[in-house]
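Sharing a structure with you now.
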């Protein structure tokens, strides 16, 4: 339902965020590691894009790269990032700082550790508002109360002077969301926003985030490893594997009709909420460490359907059935070989 | 485990391509050796320390003069410059001579001897006291533990150098006046030792309390092994590494404490001077330009304190990364 | 919180009583008060009579209580060496030690925290490396050697500053202080630097490592993500979080300054209570030694108490609504 709406919009609306061929590099003594390798995607205004992958797949690094917060000695090694058509990957520190919080809000994994323990919640919201908007202290405080009310903090006018340690994890994450939205950014990057929370409040927080962003038309880049969250929240989803984009497409299509062998494996290893007793399959092996990414397709050693080109060349993103896939199986030139190979393999 | 391996290896021929593992080759494979041999600073520090210890041990053999034998002193030698012979007596002085004509090189060697003797004895005293009190405190618990730890807490409130000074004063007061100079070294050892036991006691107590809860100790208790036996045979070996680290760090502190006290004139007497006493003597010539009387003892103390300090830091990191 | 404060004050009193008992024992068990008062020729019956009169046969607790009341009255005994009331001597000399400790404390905290912040923010760079190298030397050198070398460099060779003594003093708030005269201030520089250097290095290294730790924290990352300026992040968020653990150590360091003043005062012949104490040890002047112990003990206990109570003012997690039992974590 959502995906179709977005497909219609995609033609006319220019994307809020464009990432193309993004490379993040970490120079080490044994050579340069690439936690993010030529990743490209777009996010439309108001759209929720999920980024999914195992830990170490480069999801969070993508988010950090977009807001210019890669820890040293990491750096952006190539590609472009544009926000509303303006390039932001080459901005000075100070100009990037004015974008963070103002145009791109962030929500991190552990809310209890995201807030300064020695400042009241109100101080931190007021500080953020006044950093980005030319308003008086009183006005900022009024807005801070409103922001807390909006994220569902009861008795916000009183709680505004409370300390972070006086909030539960779920309440803290609400405060963090209020902080991320304080300056009305056009894009929120939420990095595993519910992973550190109790299972019982995870759904509430996701619902809140979704409701607020839909209400304001704020786009969201939702980084998670939880396929359930992806299914319930996102419009489109991008699957990362070993720093590379494996597949990207409308959520419903990726979930129900995945094309990349890795995505297929991922889907069959996740229990379906629709029930039914089904044997969960596992993908054999483990994701390679950044130090020894195999030649060719990074997934090839674990892929049951790998054939000659997979071990030689890195596949590029190409349209497949309903999604875009980086896999030689969907390359027209090789497709025939692959089909033949599979045919013999199955006999 | 390693013990049985060693016996096995030497008793019968092992695999041909496997050289018999001597203690040395096995030692060379350990983590500690690796971290040691890779750090030039630590290698230098330990070489300096060993040289200083050798110098102190062999002092009577290598010192060219006997500076504290009044009969052999010649006042004519007073203030001879370093690396030169006295113009009247033509006695040669490597590091110069002081106002009394004492050879600085010899006084440094003898001073080093006193400094190291006091430092090491004080640490051994502190270690014995601290380990025993820590074991008792941790194993017996109850009011005894409360009293020992309360005393430790109060002592920790004050800097140990001040405690040492105070104890030296008390010790001196308790010594009969005519024995004070003779006993000064022992009073010094006692007061520095007593000011450093707390670290040992606290660490050993902590480790003991952890061990005591383990099943094997409770089993020992059940089969009726005596408490002392359990404490010393079973708990003590588990804390050896930590105690060793604290001992090394304490040694640096004790050497500096000794030098400070002696420098202030409340430590080693002028008849048995340590490095601190020598520096105090040298200070009197700071205005008149005889720099060597002050400089060389100071440099020796510096080398000693620094080498022990560096070695202690390294040992702490190598043996027990948790202890910080 | 109130319970904690009361317990903490109780602990402080216990420590004070223990320190008082040590001072009392020094009187009681060292030196023979009867011999001091009567001289060598007194008969046994004279001694017994005097012992009874002085209450030396009473139970220890009674004698100790009597000692404490006497001390609280300001009667600390007569110095064996000077023949003057110890209280008077100490009061005369205390301003010299306090002003020296004050100046070095200001120096240690001011420079220590500034350098600590600087080296934490600018992780490498020539200035940071220079500061760190010098601080390493500062930690390893014994205080008295630093003093001697400062005298050698700035007094003997350069002849900029006086080598020994306190210089002229002026009257300030009823105290004779050197710091208020130019000559006195000049004589104070070298001792104050000597005394403060070690504490300064400790504070600097502590601030540096704590701040680096804080700067790696998630909330700093989140503050960056909120678009706060580096200045706001460093000084509004990181610094305050750094100072919480630093305060304890710094407070205790201030106490150590009083103790280490013994060494500095001896090196520079600064006529404070530290020099008095060293001379008292040399001459086994027990009333002075025990009074000094009482004085320094009281100062230490008060500093510790204040440091602990300061925590409540700074860390909201320890406040009235804070989690119980989380203090000291």
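In order of appearance the chains are A, B and C, and numbering begins at 1 in each one.
Definition applied: a contact is a pair of C-beta atoms (placed from the backbone, for glycine too) under 8 Å apart; a residue touches a chain by one contact, two chains touch by 3 or more.
What you see is a predicted model; the values in this text were computed from it and never measured.
The chain with its Cα centre farthest from the Cα centre of chain A is B.
Among the chains, the centre nearest to the mean of all shown protein C-alpha atoms is found for C.
A straight line joining the Cα centres of chain B and chain C is 27 Å long. As a whole-number value, the distance joining the C-alpha centres of chain A and chain B reads 59 Å. Note: centroid distance chain A to chain C, computed from Cα atoms, is 55 Å. Note for the complex: chain C touches chain B at residues 14-15, 18-19, 26, 30-31, 140-145, 148-149, 151-152, 156, 163, 255-256, 259-260, 262-263, 266-267, 277-278, 280-282, 284, 286, 289, 293, 296-297, 300-301, 304. Of all residues in chain B, only 150, 153-154, 157-159, 161-162, 165-166, 168-170, 172-174, 256, 259-260, 263-266, 276, 279, 283, 286-287, 291, 294, 298, 301-302, 305-306, 309 touch chain C in the complex they form.
Per the touch definition, chain A reaches chain C in the complex via residues 67, 69, 93, 97-102, 105-106, 108, 110, 113-120, 127-128, 131-132, 163, 165-166, 176, 179-180, 182-183.
On chain C, the positions that touch chain A within their shared complex are 217-219, 221-230, 232, 236-237, 240-241, 244, 314-317, 319, 321-323.
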